[in-house]
Amino acid sequence: MLINLQYFAILREQAGRPNESLETRAATPAALYAELAKRYPFTLAPEQLKVAINGEFADFAHSLRTGDAVVFIPPVAGG
Amino acid sequence: MLINLQYFAILREQAGRPNESLETRAATPAALYAELAKRYPFTLAPEQLKVAINGEFADFAHSLRTGDAVVFIPPVAGG
Amino acid sequence: MGFRFTMTPIDTTAGRAALLDGSAGGYVSFEGWVRDHNEGLAVKRLKYEAFDALAVKEGERIIVEALARFPVKHALCLHRVGELGIGEMAVWVGVSSTHRAESFEACRYIIDAVKHRVPIWKKEHYVNGDSGWVNCERCAAPGADTVHHDKAGHRHTLARS
Amino acid sequence: MGFRFTMTPIDTTAGRAALLDGSAGGYVSFEGWVRDHNEGLAVKRLKYEAFDALAVKEGERIIVEALARFPVKHALCLHRVGELGIGEMAVWVGVSSTHRAESFEACRYIIDAVKHRVPIWKKEHYVNGDSGWVNCERCAAPGADTVHHDKAGHRHTLARS
């Protein structure tokens, strides 16, 4: 299925791009991050991340659907 | 002895004056307030007051000396 | 740094500027505004009066205590005196520090201490025509059994003005 | 009322004006300033980046929570994004309430929650030429055993920029 990814902060720098559309067989954000971590030099462990699907926080075990917009969220540092 | 009194807030209104010099035999602020309370329609009990002598907080049992500047301090309400 | 009175509106821009510090990461300020009501009575305006000489000394002591007690960079309190209308600022406290927790704690400490310890008095004028010295009147009436030197927030009316 | 981002300096005068209320007696504000150092490293400047759509939603949720949890009148948070220099304001929170205690508590609640939950990231550039995403770098290095999703205030450097 086709997943739309957007990258922020350290993940954007390590992916070398702000977004991409990816054809994947990953069924969950957990599997998707594992797949991406083989392609990019990501240093953050999945336990350090949160994930948003279609603009809302979601679970790493959530079932992905084609067309989903997925954002992995590194540890935040606002304020 | 001669005591210089300054009145603030409700005590100023009830004494009808902002200050006065008073010849008194009161040996302490406690005795002095009792004397003043006979002359003016003060409604505050002495337990509700603090007292300052010569610009510093003092005790109601402090020994007064001639020339002392005495201020009885009603319950405060800053801020 | 310090404690000052002003007869004119409090200049918070100047107050804040006195607290700026490149090594400070947090700044907390408190403003006390004249409310349109107090303990069920509609307030029209009020007047603050201070025993200046002692009030400034006590205010400065509070600031020194706050700086000793909390690891903050700078702290300042400005208090208005005279006549104020609804919505006007009666008091301002500002604190800057490396981390935010200390600024919150020090700012709270200062305003609480100022309200309880500094010789400043407030006379409220009510919409119904009454007026009263806050914390000074009803409690002194016959039958009132509370003595509360250090408890603010408890206003009692009632001289007809 | 609410949570907003700005690319330009935060307008605290407008923010405060949104909180004015004749029935409010207390107002507390917090400002986060860019410090010249962090965990022993001299900071030159920094950059904030946000996942806007979700960040505004989460920020608004925090404000709604604060209004439900504390009896306050109004609350607002403004957060800067983009490049900031030392001493610049990164975030502002303002709260007004009838009594002061609630404004202190709600303001603290909001800034703590914003720092822990809102998807905003900060890249610090150091005087020594290094740079680093705060909370993201050293902890991910081999041997680092702390996972701290919700613990801010803990920065780790290290990409050469």
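Per-chain numbering from 1; labels A, B, C and D assigned in written order.
Definition applied: a contact is a pair of C-beta atoms (placed from the backbone, for glycine too) under 8 Å apart; a residue touches a chain by one contact, two chains touch by 3 or more.
No experiment lies behind these values; they were computed from the predicted model shown.
Peer 1: What is the graph distance from subunit A to subunit C, where chains are linked when they touch?
Peer 2: 2
Peer 1: Need the CA-centroid distance for the pair subunit A / subunit D, whole Å please.
Peer 2: Between these chains, centre-to-centre, one finds 24 Å.
Peer 1: Centroid of subunit C to centroid of subunit D, CA atoms only: how many Å?
Peer 2: That gives a centre separation of 28 Å.
Peer 1: Rounded to a whole Å, what is the gap between the Cα centroids of subunit A and subunit B?
Peer 2: 74
Peer 1: Where in subunit C do residues touch two or more of the other chains?
Peer 2: Only 32, 111 qualify.
Peer 1: Pull out every residue in subunit B that's touching 2 or more other chains.
Peer 2: none
Peer 1: By the document's touch rule, what are all the touching chain pairs in this structure?
Peer 2: A-D, B-C, C-D
Peer 1: What residues of subunit D sit close enough to touch subunit C in their complex?
Peer 2: It is residues 20, 22-37, 86-87, 96, 98-100, 103-104, 107-108, 111, 153 of subunit D that touch subunit C.
Peer 1: Can you list the residues on subunit A that touch subunit D in the complex?
Peer 2: That would be residues 6, 8-10, 13, 43-45, 47-50, 52, 55-57, 71, 73-79 of subunit A.
Peer 1: Taking the touch rule as given, give the residues of subunit D at its contact with subunit A in the complex, in rising order.
Peer 2: 32, 48-51, 53-55, 57-58, 79, 90-91, 111, 114-123, 133-137, 139-141, 147-149, 152, 155, 159
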